[in-house]
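What follows is subunit A paired twice: with subunit B in the first complex and subunit C in the second.
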Partner chain A sequence: MKRVTFGWSFFVTVCLVIFISVPVWGRTIKIGVIGPMNFVQGKGHWNGAIMAADEINAKGGVQVGKEKMKIELVKSDSNEFLSMTDATNAIERLITSDKVDFIVGGFRTESVLAMQDIAMDNKKIFIGCGAAHPEICLRVAKDYNRYKYFFRGTPFHSGYLVRTSFAHMGFVGAILKKELNIPKVKVAIVAEKAVWADPMVEAAQGVIPKMGMDVVGVWRPSDKATDVTAELAAIQKAEPHMIFTMFSASVGITFSRQAGELKIPAIQVGINVEAQKDGFWEATKGMGNYVFTMNTYARGVEVNELTKPFVDTYIKRFGEVPTYTADTYSAILHGLVPNIEAVGSLDADKIVARMENEESNVPSGRIKYEKDAQGRPTHDLTWGPGYLTSLGVQWQDGKLVAVWPNKWVAAPGAPEVTYKGMVPVKIPPWMKK
Partner chain B sequence: MNIIITGLITGSMLALLAIGFSLIFGVARIVNIAHTAFYMVAGYCIYVLSVKLGLHPVLGMLIAVVVVTVFGLLAYKFLIDPIREHEAAVLIATIALAMIFQEAMLLIFTGDYLTVSALIEGYFILFGVKIFYQQVLTFGVVLVLLAVLWFLLMKTKLGLAIRSTAEDREVANLMGMNDSQLAMITMGISVALAGFTGAVIAPLTVLSPYMWMEPLILMMAVVVLGGLGSIKGSFVAAYILGFTEALVVFLIPKGAFLKGSVALSIMILVLLLRPEGLFGIVFEEER
Partner chain C sequence: MVNAGFYLKRFYTIVRGEVLVLPSRIIVALFFIILLGLPLVSQNPYLIRVVILTSIFAILAASWDLLSGFTGQMNFGHALFFGVGAYTSALLNIHLQISPWGGVPLGAVAAVLAGLIVGIPCLRLKGTYLALTTMAFPIILMGIVFALPDLTGGELGISGLRRLSNSLLGNYYIHVVAMLTLCTIMWKITDSHTGIIFHAIREDELAVRASGINTTRYKLLAFCLSGLFAGLSGGLYAHYMRIAGPSTLEVSMSFSVVIWAVFGGLATIYGPVAAVFILFPLLEFVRFWPEYRALIFAVIVLIILLYMPEGLIHWVRDKIEKECPRCKIRNVATRNTCRICTAALD
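For the complex of A and B:
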């Protein structure tokens, strides 16, 4: 009896080993999707990637030379909000154990910088879909041979984020002046205490007066503050017309909810990552009405012909508007795949050489990789009309609608930009009293 | 006036947490690091009961307090009681418990930020300062709970037993009091207080699996400042730190994020100058 049992066990083991080792469906292109998977950013990474993979595989896969290869995704939780070590371990595992061909994702700059080194050492193409710090791409220019395998997929770097935010502020400031008959708009700067916001606060203090507005104060609550009533009492005392926000964490919900409930007579404009999500309305119990934030996608807005199909399919499949980290979709479908097919190989060097010179339309605009002042490739994204601009969105009675760019002129003589689906900005009614 | 009102509200929230923590330490010498994790669990319970299951928020809050109290009693029975004599082991075990709660919440609810509705929506204006009704409710609940706690400790046999055990466990044992049972009851009261805190504060805050860490630090600062194990001390210290936080925000707007650091600095200063805190017992005199 014992011998029979051992014999069967041995047979089953051998079968399993053969089954695991031999590719039954031919070789696949393995793409590692790395991100904080327990958080909305990581969910966006994964959702975008599976949409792209399903779309490609439904058409038979990727033509690599004479072979048709399907996409296989490998999900990797970087846990980067809590541990950078987890993030580096995760990308190491993707490369050495899962043996992925390409990597997309990453969110926190600090983690992406560390993950980038590991990917570059292994000559893996890594398309970053979350971190905004310019240094990530400056490394490509400074040490091209080592860092050339990195491309920024989304968002455009933080310098451009600042410029866009200032454009939003100027846009709303002009409306306030006109509608409320205010001679000079007063602005309160409220930024969470985080490294990414530090240079933005400094820049805002310098730029706002040049835009013809006054800064009435700067407040820096903790990014996880659960109560900002003290800050709001002080802000209200300073009597601003606009609150320029820089929030990426939960304080964005706390601040908007409490400011809305207390009817602080100022409109919030700036970056509020939590306000970009469909769940914001419920999270603030409707008190986030009239909050204006930068965003990448919105219902009913068409930046180009690719936007609507992507957004509509995403909403249908996942029940919410995609956040910008879902641009793993573009990174795979419009970034990697056309270049793999064009070079007919998975050779990273060949793909990089082609990809860095290509321009392509993606659902959020048009991608063109930048070169620095000395003409060195940075693999960073070009910002501005005709390329990527992002959107200005506002919560209006439970709906997140797009309000910018609406007749936006980026510079004197530049073409006016208005995307299809824009609606007018609404001023909080309690400001009109 | 802004500072006074904001300080009172913040102080009340801190007092609710610190008093429960102080109670179990004073009676059973249990440093329950998971105290604010119980408060977090209460918040999530309320979310599930009132938002997901549609129960009335008050009913949701009461059930949440009961659920959290049961969790606390089970934690005491199976985790703390067997190692109670080893204070360092209890400390580590409660840290582990808090981490378990955190990971469980992360698994169930993911890292998404969630909120629950206020029991009373809206605000009123007092001396030019806008105050949420929910904040006033919190302040009221603190006062009521303190009165109940005072009555329980000072006017009942159970309170007498708890105080006796806190004073001298060995003598209380010789007098026929079951100190293990009393510690369990006190643990139940302490965790119930954490549950109540979660119940009244949840509508004012944002739920996340990491929400227990920040109040833990502030609560520890309050408890050290007030004197380990001293309920009266915790109450006074909570308001001192509440006013300190308000002062930081109003006087250094750019350094509003420093309010936690200032509280911790005060804690360190007190430890250096008066290790027993404002109303605590000198360590050397303890059992």
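For the complex of A and C:
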């Protein structure tokens, strides 16, 4: 009797273990999310991806041929800011040990280039969601058969980032001219001492005079400077109307706070990554008022019908406005999934063939993959009216509001672009005295 | 057949008489066997990748030990040699289409020249001053890299390099055999007459000079030899990663090498190699807890250095082996008398 009881207990236990171990949904689509997970960029990658996965799985999963598959995410810390070796190990592990079907993420260009090679060796579709250098996509054009599995998910390449900044400068310059009755706007260029800013400074010095404005000087504080009063004193002496900023690090807070304290009679326009964050107002003790920076998302702005639901849900879930690396959401939900469903398989070649020719709406605009001058696919993102433009946002009395594009005409004869939720730019009141 | 039997018997006698008598030698033999036989057990690309990179960094760590551990020339800018090897090999591969088999040794030659360039002005410096001065060199080179983006690729580095082999196993054996060979050469150098002089320079340079030895020449030799091996590891790294970028010159790279060497035990060659083979895979192992990876790594290193200030391998060796007070020959710790002179060991 005792033996029978033991035998039955063993049988029931084995059945239970098998029942628990085997997923109800059978095969899942494994997506590797790779990024610097201990940094805000990696957190954006992961947050965007889990939002997309939850949304897809809540609807029953992805229809792959006759089978319904759920999305399973695999988180991978690339640690790419500190070690490129770590990043390549992480992607190798994702592909060969975790056996993911697709990969999204990546941030630092040098690391993305190395990771790209490993993904291409294994013919895995890799949607880059962070690195902006054009070279990553030029590889697709140069060696299509090898690199065709790479697509840029976000942001548009750095050449377009520069053009957008200049568009912002032109936009604010026109307002200054009109409101302050200035014949010629004077611009001070202030860029942190970092390699990425070097070509932008050079380009700005060449382009600003062509835009009908004067450059009064170039200042290059350290990217981690905690005091920039010397630079601000010199800038104040040069009497600019506009300060064209290029900040990606903490100097963005220092500069804005001290410029606000000194009430420098010039408006800050350009790139200030710290000013894109919700904590900027608190960090500058309100002195960052009227700072204008480029951004991808803002509260209350609708680039299209997908923007508001995405931004609102993201804020509700994570308590902050999404950063651009959270576009892993679009890469999965609007990039991968519709194409998997359309081809009815996880075959990378079939998906690539369809994806590179498809256009799709995403919360930040509309995605269309570019071809180069010779007609070769680059899998890079198209920039401009009707596609991706990003936003110009400004801090106005404690709120980060979107101010651009507002009646923006990209080129003579081009359609005027204004997104829903735009508000007028505010000039610092101390400039009007 | 008779000859084969003779050699087998001789091999067995050597193994029994020279290898199996000491635990440390058994561990080294097992290390060789496991590394060379690993692909027979598993060909997981991730595992193979980790072992290849570990091997490359083991060469780098041992090359630092050759300079700083043996001669006491504290070099905090070892990434310079690594970066010079990587960039030179990459430039030759991309611009002159030189095969990696030619590029890697030429990169090492360039690193030797870098060793001379660093060594000559640093000869008068010692201790902290030398450490800080050497730390500046990779930063200067990084500035040059960024200043010449058309040649060096700037922040992107030089990508699209060819690998030494296109097969997984080919790459594995090239890097592992290179590591075993180069580290054995370094160990033999330190065990030679030159190595004894390196040791002596670290202990008392004045006494060495008083003995009529040109210490300047030997210190320069140490810089060049260290540069040669570090340059080889840099070239191997660049071709394996298929990119030579500014990260090869980062300060963190220089400090990683110091951590590995100190963790394993200075002035041993095998200590830094063992440390890399423990610490590098350990960092991969703790990927399951990404938020605390760096913390776990730091805690382990701190605990080891707190309780084993001379390094892990020195400590382990002292636990499993004893040195004969009379003839200085090492014996297994369980013996009561020396295996050579039969003197009492306690």
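Miscellaneous remarks
The definition used in the following text is that the second predicted complex is superposed on the first by the 408 of 433 C-alpha atoms of A that agree within 3 Å, B and C clash if a C-alpha of one lies under 4 Å from a C-alpha of the other, contacts with A are read in each partner's own complex, and residues count from 1 in each chain.
Operating definition for what follows: a residue touches a chain if its C-beta (ideal position, glycine included) is under 8 Å from a C-beta of that chain, and two chains touch if they have at least 3 such contacts.
Just so you know, these numbers come straight off a predicted model, no measurement behind them.
In the model built by aligning both structures on subunit A, subunit B fits alongside subunit C without clashing. By the touch criterion defined above, A:221 lies against subunit B but remains apart from subunit C after alignment on the C-alpha atoms of chain A. Once the two complexes are laid over each other on the shared chain, residue contacts for A:403 go to neither subunit B nor subunit C. Legend: residue contacts after superposition of the two complexes on their common chain; A:51 is shown touching neither subunit B nor subunit C. Judged by the touch definition given at the top, the superposed model places A:257 against subunit B, while subunit C stays out of reach. Of the two partner chains, subunit B is the only one touched by A:230; subunit C is not.
Judged by the touch definition given at the top, the superposed model places A:38 against both subunit B and subunit C. Residue by residue along subunit A, subunit B and subunit C are tallied for touches, and B comes out ahead. Once the two complexes are laid over each other on the shared chain, residue contacts for A:125 go to neither subunit B nor subunit C. In the superposed model, A:110 makes contact with subunit C only, not with subunit B.
Taking all C-alpha atoms of subunit B against all those of subunit C in the superposed arrangement, the shortest distance found is 5 Å. Put simply, subunit A uses residues 38 to touch subunit B in one complex and subunit C in the other. Within the complex, the subunit A residues that touch subunit B are 36, 38-40, 43, 81, 192-193, 217-227, 229-234, 236-237, 250, 253-254, 257-258, 261-263, 274, 279, 282-285. By the touch criterion stated above, subunit C contacts subunit A in their complex at residues 44-46, 49-50, 53, 146, 154-157, 159-160, 241-243, 245-247, 252, 283-284, 287, 290-291, 293.
The residues of subunit B lying in touch with subunit A in their complex are 2, 6, 9-10, 13, 106-107, 110-115, 117-118, 121-123, 129-132, 135, 201, 204-206, 208, 210-211, 214, 245-246, 249-250, 253-257, 259-260. Against subunit C, in their complex, subunit A makes its touches with residues 37-38, 75-77, 79, 82-86, 88-90, 92-93, 95-97, 109-111, 113-114, 117, 133, 135, 139, 195-196, 198.
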